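Lettered A, B, C, D, E and F in written order, each chain numbered from 1.
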Amino acid sequence: MRVRTDTIGRVAVLAVLADDAAPVIAAAKGFRVVTGHVGTMDLQKVIAAIETAARREGFINTEYAEEHALYHATIEALHGVGRGQLALGSVLRTVALRFALVRGPRMPGDHTTWLAVALYGTIGQPIKGNEHEVVGLGVSHL
Amino acid sequence: MRVRTDTIGRVAVLAVLADDAAPVIAAAKGFRVVTGHVGTMDLQKVIAAIETAARREGFINTEYAEEHALYHATIEALHGVGRGQLALGSVLRTVALRFALVRGPRMPGDHTTWLAVALYGTIGQPIKGNEHEVVGLGVSHL
Amino acid sequence: MRVRTDTIGRVAVLAVLADDAAPVIAAAKGFRVVTGHVGTMDLQKVIAAIETAARREGFINTEYAEEHALYHATIEALHGVGRGQLALGSVLRTVALRFALVRGPRMPGDHTTWLAVALYGTIGQPIKGNEHEVVGLGVSHL
Amino acid sequence: MRVRTDTIGRVAVLAVLADDAAPVIAAAKGFRVVTGHVGTMDLQKVIAAIETAARREGFINTEYAEEHALYHATIEALHGVGRGQLALGSVLRTVALRFALVRGPRMPGDHTTWLAVALYGTIGQPIKGNEHEVVGLGVSHL
Amino acid sequence: MRVRTDTIGRVAVLAVLADDAAPVIAAAKGFRVVTGHVGTMDLQKVIAAIETAARREGFINTEYAEEHALYHATIEALHGVGRGQLALGSVLRTVALRFALVRGPRMPGDHTTWLAVALYGTIGQPIKGNEHEVVGLGVSHL
Amino acid sequence: MRVRTDTIGRVAVLAVLADDAAPVIAAAKGFRVVTGHVGTMDLQKVIAAIETAARREGFINTEYAEEHALYHATIEALHGVGRGQLALGSVLRTVALRFALVRGPRMPGDHTTWLAVALYGTIGQPIKGNEHEVVGLGVSHL
């Protein structure tokens, strides 16, 4: 199966769907990609894991404006994960998520810079096996 | 790049990410898949397009229970699309979405039947080009 | 079965659950009760039906403060009906609801005046039979 | 006063409104009912109390599908309790709730199986007496 | 610049915008004003700080009805601060807020009594300087 | 009374609170300000009025990135207006709002560019006089 890697959202989602993100990253010409994973019942730990990876990898600069973009894209992606409630442990559920952060144009021909956060993994009760898949994507201008 | 097609969520999301869903459907052993697309400023038209496709293809039976499952999975997927507001035209935005409906086990070894709805496309102002990508996934038991 | 009718919420909910509200109203000493029903895909018509009944029956006075209380109690009750989205037709669903408005103390011994709005009926697809029950209760100070 | 006990939602709500649920349960032919109560500022404790009662009483089987149905019906019922925010202690309020879990057809003539969760009690400030009644009802297919 | 101080909302917002609330309070004829400030990652501490100030200053009486009005106006003001999520630390953000509580008519000629809660300050990451301004206003009848 | 005009949020909110925005704009050194007003029961008309004013005044450039920033700041401001529901006519209420769009640094010493949208006016029933004040502020990076 083939999926295009010339738009920021597809790159981000493919990078979390694939067990090995390296070929996705290699195919995503013109995009900068950072990946990682986090398992937790604390929503803030998902946000913190993403911010830590972004800073450690120099994915965003040190101005608040870029962190603000990353924060909003992350919250948007979490809406896809939470589907109605931005909450995990407080509604008795836990997640195991991969994340991908992508920076670049929205699509071929776009001369502005955008940032995408994709999340993929499972959500469920804090009981092994009682979970199903979730996906989220957030996109912000830079 | 390779993405596994042995879990219901990955099958659904890949089927909407790929320009041609046929190879994804062929690779998704043990799952039933229905795909389609819809462009609109009316949220209810997204839901109606999905229900119409499901009924026409015999994806769900005629009992309300299965339609209820499909409705809830669709609303969940729309949370990923709306990211905070389940609204389109009323907040001055429009979507062009592909959808995929998948029926089968959650993962290898699951003996129960589930239903997934994936959405992928663009959201934006009602001005050509002023849009970015969105993804949503909803999963319900049957 | 016996349910107490000495608290404002129980009076309101019983009055909508019972096919005949008259015995509930008769048993609810110290409370003023107004009932009605509405079927619609337009959320605003539920609110309008309740306001119209309240004004016609002199349930609230002509100051905005009392209408404000009724509005907020109605919106709260609609949260129980909508369960996550305050929307009907825009998410392709319709309701057939009975409503009860109750005015009086919260409970025996309360010397302040409160207002309760209860809703009971069905919600579902705009297809006969594809629906299930819903309940909502809102309570505001006066 | 008389309230019909032939629909799943009325059975569930009556079972929490009545100080003694036994006559309601006896009148609810064809339904399985489990009741309990919980007082807390932690939302997850409401969900956990309901899941624990359901498992202990064999109300749901051991597959995740049934727990998923119970979870979603519980979250829906909590929307009636929270009326806008699915949160208790984090918005400085506490609940004392009775719950009823009901399993059976939606109504006479329905041949599918559904699950209802009803909640009734009080919500308020963590100060004795500063509270009012709340009701919630969630319904899911099985 | 001149801003009118004859409506309850303008008085409340001006009292939090100004570094010195005293001239605003002096100009706000016919209104009772209480001010304070709070910095926290715990949403409930904002609510608690406001309730504590209101009780200490005798801004509300000892009946639950008035506390209920204050609680609802506070939650409404927090919607302006949270802009989509009523959450702080759980979504990894912190606030430093001034609050003003105002009691009186809505506007000249209104003979009923209302209560307004205004919030102004900054929200952001728990990193000094990574924050921007927020404002919220809630209004309830008494 | 004096309010500082050296931060983007205070400039935006003062410009909508004042009956005459000109002195506020004159005092707001280093900020670009556009103001306007809109009265409607259609949420999308508020958003459209703001976008139209922004384009007409050259407040944003013609790239989607800046319009995206304006859209998100507007939606955030509308959360303060809607306080729980991003809806007007569909929940039977109407608004009369002034808006101010401000562009510049967040505060003295900030070298990045931000955009603020402030809203102030009244919300209420579609009956003259049955309304109270609302305020909203949204802030986005550019």
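The working rule: contacts are C-beta pairs under 8 Å (C-beta built on N, C-alpha and C of every residue); 3 or more make two chains touch, one makes a residue touch a chain.
Source: prediction; values computed, not measured.
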{"item": "Co-neighbours of chain F and chain D - touch as defined", "value": "A, B, C, E"}
{"item": "Contact-richer chain pair [A-B vs A-E]", "value": "A-B"}
{"item": "Classification of the chain B:chain C interface as same or different, half of numbers criterion", "value": "different"}
{"item": "Relative orientation of copies chain A and chain F, as a Cα rotation angle in degrees, nearest 5", "value": "180"}
{"item": "Mean-CA-position distance for chain F and chain C (Å)", "value": "35"}
{"item": "CA centroid of chain E to CA centroid of chain F, Å", "value": "19"}
{"item": "Rounded Å distance between chain B and chain D, as computed from the means of their C-alpha atoms", "value": "30"}
{"item": "Touching two or more other chains - residue numbers and ranges from chain D", "value": "64, 68, 84, 87, 90, 106, 114, 132"}
{"item": "List of chain B residues in touch with chain D within their complex", "value": "63-66, 68-69, 72, 106, 111-114, 140-142"}
{"item": "Residue numbers on chain E that touch chain D, as the complex places them", "value": "42-44, 47-48, 51, 64, 67-68, 71, 75, 86-87, 90"}
{"item": "Chain A contact footprint on chain B (complex, rising order)", "value": "1-5, 7-10, 13-14, 17-20, 23-24, 27, 76, 79-80, 82-84, 106, 114, 116, 118, 120, 132-139"}
{"item": "Contact set on chain D toward chain E in their complex", "value": "84-85, 87, 89-93, 124-125, 129-132"}
